[in-house]
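The following pair of complexes shares a single chain, chain A, combined with chain B in the former and chain C in the latter.
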Partner chain A sequence: MKFDTPATTNPIDAMKVVGQPRDRLDGPLKVTGGARYAYEQHDVAANQAYGYVLGAGIAKGTIRQLDIEAARNAPGVLAVVTAREAGKLDKGKRNTARLLAGPEIQHYHQAIAVVVAETFEQARAAASLIRVDYAEEPGTFDLEAARSKASEPEGDDPSLKDSRIGDFPGAFASAPVKLDETYTTPDESHAMMEPHATVAAWEGEKLTVWTSNQMVAWTVVDMAKTLGIPKENIRVVSPFIGGGFGGKLFLRADVLLAALGARAARRPVKLALQRPLIMNNTTHRPATIQRVRIGATRDGKITAIGHESWSGDQKGGGPELAVSQTRLLYAGANRMTAMRLAAMDLPEGNAMRAPGEAPGLMVLEMAMDEMAEKLGMDPIAFRLLNDTQVDPEKPKRPFSMRRLDECFKVGAERFGWSRRSPRPGQNRDGKWLVGLGVAAAFRNNLVMKSGARVRLGSDGILTVETDMTDIGTGSYTIIGQTAAEMLGVELDKVVVKLGDSSFPASAGSGGQWGGNSSTAGVYAACVKLREAIAQKLGINSSEAVFAGGEVRSGNRSIPLSKAIEQAPLIGEDTIEYGDLDETHQQSTFGAHFVEVAVDAATAETRIRRMLAVCSAGRILNPKTARSQVIGAMTMGAGAALMEELAVDTRRGFFVNHDLAGYEVPVHADIPHQEVVFLEETDPMSSPMKAKGVGELGICGVGAAVANAIYNATGIRVRDYPVTLDKMLDRMPDAA
Partner chain B sequence: MNRRDLMAAAGACAALPLTQGGARSQPAPAGKPVKAEVSFTVNGRKHALDVDTRTTLLDALREHLHMTGTKKGCDHGQCGACTVIVDGQRINSCLSLAVMHPDAEITTIEGLGTVENLHPMQAAFVKHDGFQCGYCTPGQICSSVAMLDEIEAGIPSHVTSDLTVSVTLSESEIRERMSGNICRCGAYSNIVEAITEVARTRA
Partner chain C sequence: MRAFTYERAGSSQAAAAAAAAAPSAKFIAGGTNLLDLMKLQIEVPTHLIDVNPLKLDRIEPTQEGGLRIGALVRNTALASDERVRRDYGVLSRALLSGASGQLRNRATTAGNLLQRTRCPYFYDTAQPCNKRQPGSGCSAIDGFSRQLGVVGVSEACIATHPSDMAVAMRVLDAKVETVKPDGATRTIPAEELHRLPEASPHLETVLERGELITAVTLPKPVGGTHIYRKVRDRASYAFALVSVAAIVQRDGSGRVALGGVAPKPWRIEQAEAELPRGAKAAAAALLDGARTTKDNAFKLPLVERTLGAVLSEARG
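Moving on, here comes the complex of A and B:
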């Protein structure tokens, strides 16, 4: 199905199942321990051996000598595979650094060997016997030091290029009120709860991997390229994923090493990346240095807005797209953005939940708060004054739907924004300094091609198959709801099967495109199935109404079961898109409100209240969508207050590479959270009229927290995370 | 010392043998693995195992008994995904060797309820959507069931303001006591609602 004209009335609009706050279809399995994650697939292939991965102990250099003899002879060991044993390997299109290194080392904890043994304990003990002699070389590990050598990112992608509209330097120079500040955001880790894990089994030339991956089809392609085998010989299965957040978008070392280990040991192999390996071995959100310049008239109209960002990555990698939202969020005739990329030798940077916007808005929305104060304006009033209904770079190109103003207004009312003191440091509650902060949320709505197959079986069960993944997002449930709505059956008559490359290729889970795109693919397949059913029953499919387990046409009413008396019926299709996302800017919007209390003596920050108001098209399931948003708010609170991969700039690695050193929010850090979805449908996005919401929730939260801390204390910390050591010497008099 | 310092200190100790000179300085494992017999009861069923003495309770459950409901998130006692109830107390099963639990009564997530007959806490997690990816969920549920018993037994926590009176159930008590169970999907707000609902019906 080609979606190239705005959606009109369709069966989803009935909203009997779609749009209802249904419990997760996979809920009972998950709460009873019955959902099987990758490492737990012990019955898919007999005689599984255990793999254990050894990571490089240096960040840059070469392996002079790698002695695996002792490991190979250790009890229970079946095979040891290094780059030498593996033979020629290519690299996946989406990988920057190699997944099995040697002799060249590109980053710390890059995998250099996998040991396969009868038991986990034996594999781990044997891995400790591998002797490595490195020739270490100096590398580039400090972004601030590398900043002067950073250059414009390579490639033709326009989103990587500098943008210039009007005369930014002139307008900024002549603006009566201006801000020019530099901010930093640190490297961050996805820190999903389930480690990257894989069971790999070969049958002749055919490889099956049961793994934990967001993008099944990408993994098939990149694994085939890495091994140099046809992609038809690879099957990837990923039914349950214990969190991804972008960290499982790509083929990673667990898949490759399990496959290589299984080939060498001639046995199926299971392995998980050890937790202390994950943060340096896999990808992370790169640190940024960002400069924002805003010029405005005295009454608050932005006349010039500029945003520059510096970040680093392995050679051949890309920048953190921290300036992208600034091209679209606020009006202003004179504008510029630019990104500069430094070649560095830290582990590979890549996408983490809302890549670009998450760190970009932490900075832009703090700058907007600072600018509002300079203007003597309320931060919401300043934002609303510079709101726009068109792409500020191309005024003839409208947003498909933009209700940022309502998000702020609804939120301000609900949160009690009027009680905020415009002067910081005024609100005292015992030992606590209390403040309110606000920020805009903004994230583009991406649409992706997505396929599905639906089958109405003779038992009356509707089965949906697509290689779409559920990383906690609720895909099982919203896909089931979509199919139930389209065929007019109850949700308990639908079985959803996901995450298998033998199913039609889907959009996968990333960039908050998964929910809208994958359900649109299921919609397309269901349209085909409806046609097949109508034809079988001899009625005109355009007049058929599917409801209550029946097909109605005129005054006829036929049970669905009639259509499948002889054989099951199948519908399969792929949703593809025209240019509606080019003629119209499709984005999602929100407003975050945060109340913090800062201990007047210790500068410890506690979040007291959080509210997000979101405008994101049709909400397919308010229960799971709300969970997506509160989860993103939690991750945003972490980014504001605690999350930071500490870089050892001499040895070139992230020091705090486990879940104790890398602090993420825990129960005690997060208060009750409130989410409001504005009621709306966006007919430009897809037949579902939905948009993404999973990343919108993290966009802007960090700045709202930091702005609340400023309102509480009068201290502006421009280097995230806002920890107490950066505030203590500036705290207001505790007396 | 707060809970983070405690966790960090525990983490540092656990990491010591690895960080001192890396893998190189580890003692070489000599000969065949040392095995030992141990028997304990899991969810009411007695199991006798002959395990490598290095096997954690977590791996005994997952790899030997194939009870994979208990999750391995970090294998270092940092995340709580492996929480099980041993002789009435919640523990991180990754920080405990299987052979340390002869004759123990162990309850895992599989022992609390089934898909057809959910434990009230499991049902409340579904109702309040107290999870997303589901990987920390068995640990959160086992932890919360044992945690409510701790409050009932009058065991104070860091946020208990008065040690001379019995502990009262509150959201801050729940949050403090559940902070050893990390949920990266960030379902905390919903988890606290689920636990609170169960606690109210128990009381």
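Moving on, here comes the complex of A and C:
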């Protein structure tokens, strides 16, 4: 199905199942342990052996000697695979550094060997017997130091290029009120609960991997390329994912090493990346240095807005797209953005929940708060004054739907924004300094081609198959709701099967495109099935209404079961998109409100309340969507207050590489969260009229927290995370 | 983890004797720290002696009017004991500020005292660490050292002792009872249990080879207001950046010990004479001779401010 004109009335609009707060279809499995995660796939292949991965102990250099004899001879060991044993390997298109290193080492904890043994303990013990002699080389590990050598990112992608509209330098220079500040955001880890894990089994030339991956089809292609085998010989199965956040978008070392280990040991192999490897072996959100300049008239109209960002990556990698939202969020005739990329030798950076916007808005929305104060304006009023219904770079190009103003207004009312003191440091509650902060949320709505197959079986069960993944988001449920709505059956008549590359290729889970795109693919397949059913029943499908387990046309009413008396019926299709996302800017919007309390003595910040108001098209399931948003708000709170991969700039690695050192929020940090979805449908996005929410929820949260801290204390910290050590010397005198 | 042999202890003395006899034995009780370290091959004992069968899980009154806490009393049981809550509030509060409910259910009194540092370089076997591998150097001093120590540290090591409970034990003048392999027993004041790193940070306590902690005793209650204030980046389940254990009397005199700043619970009795004069003077005395890094220099003002808040809370 080609979606190239705005959606009109369609069966989803009935909203009997879609749009309802249904429980997760996979909920009972998850709370009873019945959902098999990759490392728990005990019975998919017999005789599984265990792999253990050895990561490099240096950041840059070469392996002079790698002695695996002792490991090979250790009890229970079946195979030891290093780059030497693996033979020629290519590299996946979406990987920057190699997944199995040697002799060259490109980053710390890059995998250099996998040991396969009868038991996990034997594999782990044997791995410690591997002796490595390195020739270590100096590397580039400090972004601030590398900044002067950074250059414009290579490639033709326009999102990587500098943008210049009007006369930014002139307008900024002549603006009566201006801000010019530099901010930093740190490297961050996805730190998902489930580590990357895989069971790999070969049958002749054919490889099956049961893994934990957000993008099944990408993994098939990159694995085929890495191994140099046809992609038809690879099956990837990823039914449940215990968190990914972008860290599992790509083929990673667990899949490759399990497959290589299985080939060498001639046994299925199971392995998980050990927790201490996650931070340095896999991808992370890169640190940024960002400079924001805003010029405005005295009454608050932005006349000039500029945003530059510096980040680093392994050679061949890309920048953190931290300036992208600044091209679209606020009006202003004179604009510029630019990104500069430094070649560095830290582990490779890549997407983490709302790549670009998450760190970009942490900065832009703090700058907006600072600018509002310079102007003597309320931060919401300042934002609303510079709101726009068109792409500020191309004024003839409207947003498909933009209700940022309502998000702020509804939120302000609900949160009690009027109680905020415009002067910081005024509100004391016992030992606590209390403040309120706000920030805009903004994330583009990406639409992706997505396929599905639906089958109405003779038992009356409607089965959906697509390689779409559920990363905890609720894909199973919203896909089931979509199919139930389309065929007019209850949700208990629908079975959803996901995450298998033998199913039609979907959009996968990333960039908050998964919910809208994958259900649109299911919609397309259901339209095909409806046609097949109507034809079987001899009625005109365009007049048929599917409801209550029946097909109605005119005054006829035929049970669905009639259509499948002889054989099951199947519909399969792929949703594809025209240029509606080019003629119209499709984005999602929100407003985050946060109340914090800062301990007057210690400067510890504790969040008291959070509210997000979201405008994101049709909400397919308010319950799972809310879970997405509160999870993202929690992640944003972590980014604001504690998350930072600490770089050892001498040795070139992230030092705090476990969950004791890399702190993320715990329950006690998140006392109260509320989410409001504005009721809306966006007919430009897809037949579902839905958009993404999973990343919108994190966008702006960090700045809202930091702005609240400023409101509480009068202390502006421009280097995230906002920890107490950065505030102590500016705190009021202790008691 | 390396392969190891395992036995269950029959008596305290037999456990001590067995530990002395094996080339590199470790006692295991809760295992909440040891097992993690074994999995990472930071601890590589060849023999484990499980002391859980020993009947060291009781809290009893002493003749002197204090409490004797068996070495195996779990943190949860100790924190919730009525006598501890009533007479030694600082201990209960310190315990409850540490770890998680699950860990406290498992972790023991003696094990808590003997837990090892959380210095991230100690935890990464690819990095030099004088504590883990004597003579290999310290990566932390010029590295990422935000969590690490500012007093009692040395050129060889700036690791901190991570316990909350031990800080409260120190301020309470607790004593540690042990048994040696030959059956001899001794009592070690809490202040003497942990050693400063100096040139040999791998030696962390004065316990001799095979010596087993059997109990911790608390003297008669001293009254006063008991406060344990733990400062950290997140609200729960995090190690202290700085912690203050304090017992403050009505006349403003009192005792104070610090966590998160030193290789052992940090108490300087002379500094306590300054307490009636306020936090600034007391903190200066406590932190005399401090040696900071660019990452952890904030701990000095943080101690002073936290102590100030504690004293003002105690005054009510």
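Simple rule for what comes next: the second predicted complex is superposed on the first by the 732 of 735 C-alpha atoms of A that agree within 3 Å, B and C clash if a C-alpha of one lies under 4 Å from a C-alpha of the other, contacts with A are read in each partner's own complex, and residues count from 1 in each chain.
The definition used in the following text is that contacts are C-beta pairs under 8 Å (C-beta built on N, C-alpha and C of every residue); 3 or more make two chains touch, one makes a residue touch a chain.
Since the model is a prediction, treat every value here as computed from it, not as a measurement.
Q: Could you say whether A:Pro276 touches chain B, chain C, both of them, or neither, answering first, second, both or neither?
A: both
Q: One more residue to check, A:Ser128. First (chain B), second (chain C), both or neither?
A: In the superposition, A:Ser128 contacts both chain B and chain C.
Q: Based on the superposed arrangement, let me know which partner A:Thr119 touches: chain B (first), chain C (second), both, or neither?
A: A:Thr119: touches chain B, not chain C.
Q: Is A:Ala483 in contact with chain B, with chain C, with both, or with neither (first, second, both, neither)?
A: In the superposed model, A:Ala483 contacts neither chain B nor chain C.
Q: With both complexes superposed on chain A, which partner does A:Val655 reach: first (chain B), second (chain C), both or neither?
A: Touch partner of A:Val655: chain C, not chain B.
Q: Tell me which of chain B and chain C touches more residues of chain A.
A: The partner making contact with more of chain A's residues is B.
Q: By the touch definition at the top of the document, which applies to A:Thr602: first (chain B), second (chain C), both, or neither?
A: second
Q: Quick one: is A:Ala668 in contact with chain B, with chain C, with both, or with neither? Answer first, second, both or neither.
A: In the superposition, A:Ala668 contacts both chain B and chain C.
Q: Determine, under the contact definition given at the top, whether A:Gly57 touches first (chain B), second (chain C), both, or neither.
A: Once the two structures are laid over each other on A, A:Gly57 reaches both partners.
Q: Touching A:Leu462, do we find chain B (first), chain C (second), both, or neither?
A: It touches nothing on chain B or chain C.
Q: Where on chain A do the contacts from chain B and from chain C line up?
A: In chain A, positions 57, 75, 121, 125, 128, 276, 658, 660-661, 663, 665-668 sit in both the chain B and chain C interfaces.
Q: Under the definition above, what is the set of chain B residues touching chain A in their complex?
A: By the definition above, chain B touches chain A via 3-4, 7-8, 10-12, 15, 18, 22-24, 26, 28-29, 31-33, 52, 54-55, 59, 62-63, 66-76, 78-79, 81, 108-110, 112-115, 118, 122-123, 125-127, 129, 131-138, 141, 171-172, 174-176, 178-192.
Q: Give every residue of chain C touching chain A within the complex, in rising order.
A: 1-3, 39-41, 118, 120-121, 123-124, 126-127, 139, 142-144, 146, 231-239, 241, 279, 298, 301-302, 304-306, 308-309, 312
Q: Where on chain A does chain B make contact in their complex?
A: 23-24, 26-37, 39-40, 42-43, 54, 57, 70, 74-76, 119-122, 125-132, 190-195, 240-245, 272, 274-276, 471-474, 623-624, 626-628, 630-635, 658-661, 663-668, 670-673
Q: Where on chain A is chain C touching in the complex?
A: Its residues touching chain C are 57-58, 75, 121, 124-125, 128, 276, 431, 599-602, 604, 606, 641-642, 646-648, 650-651, 655-658, 660-661, 663, 665-669, 723-725, 728-729, 731, 734-735.
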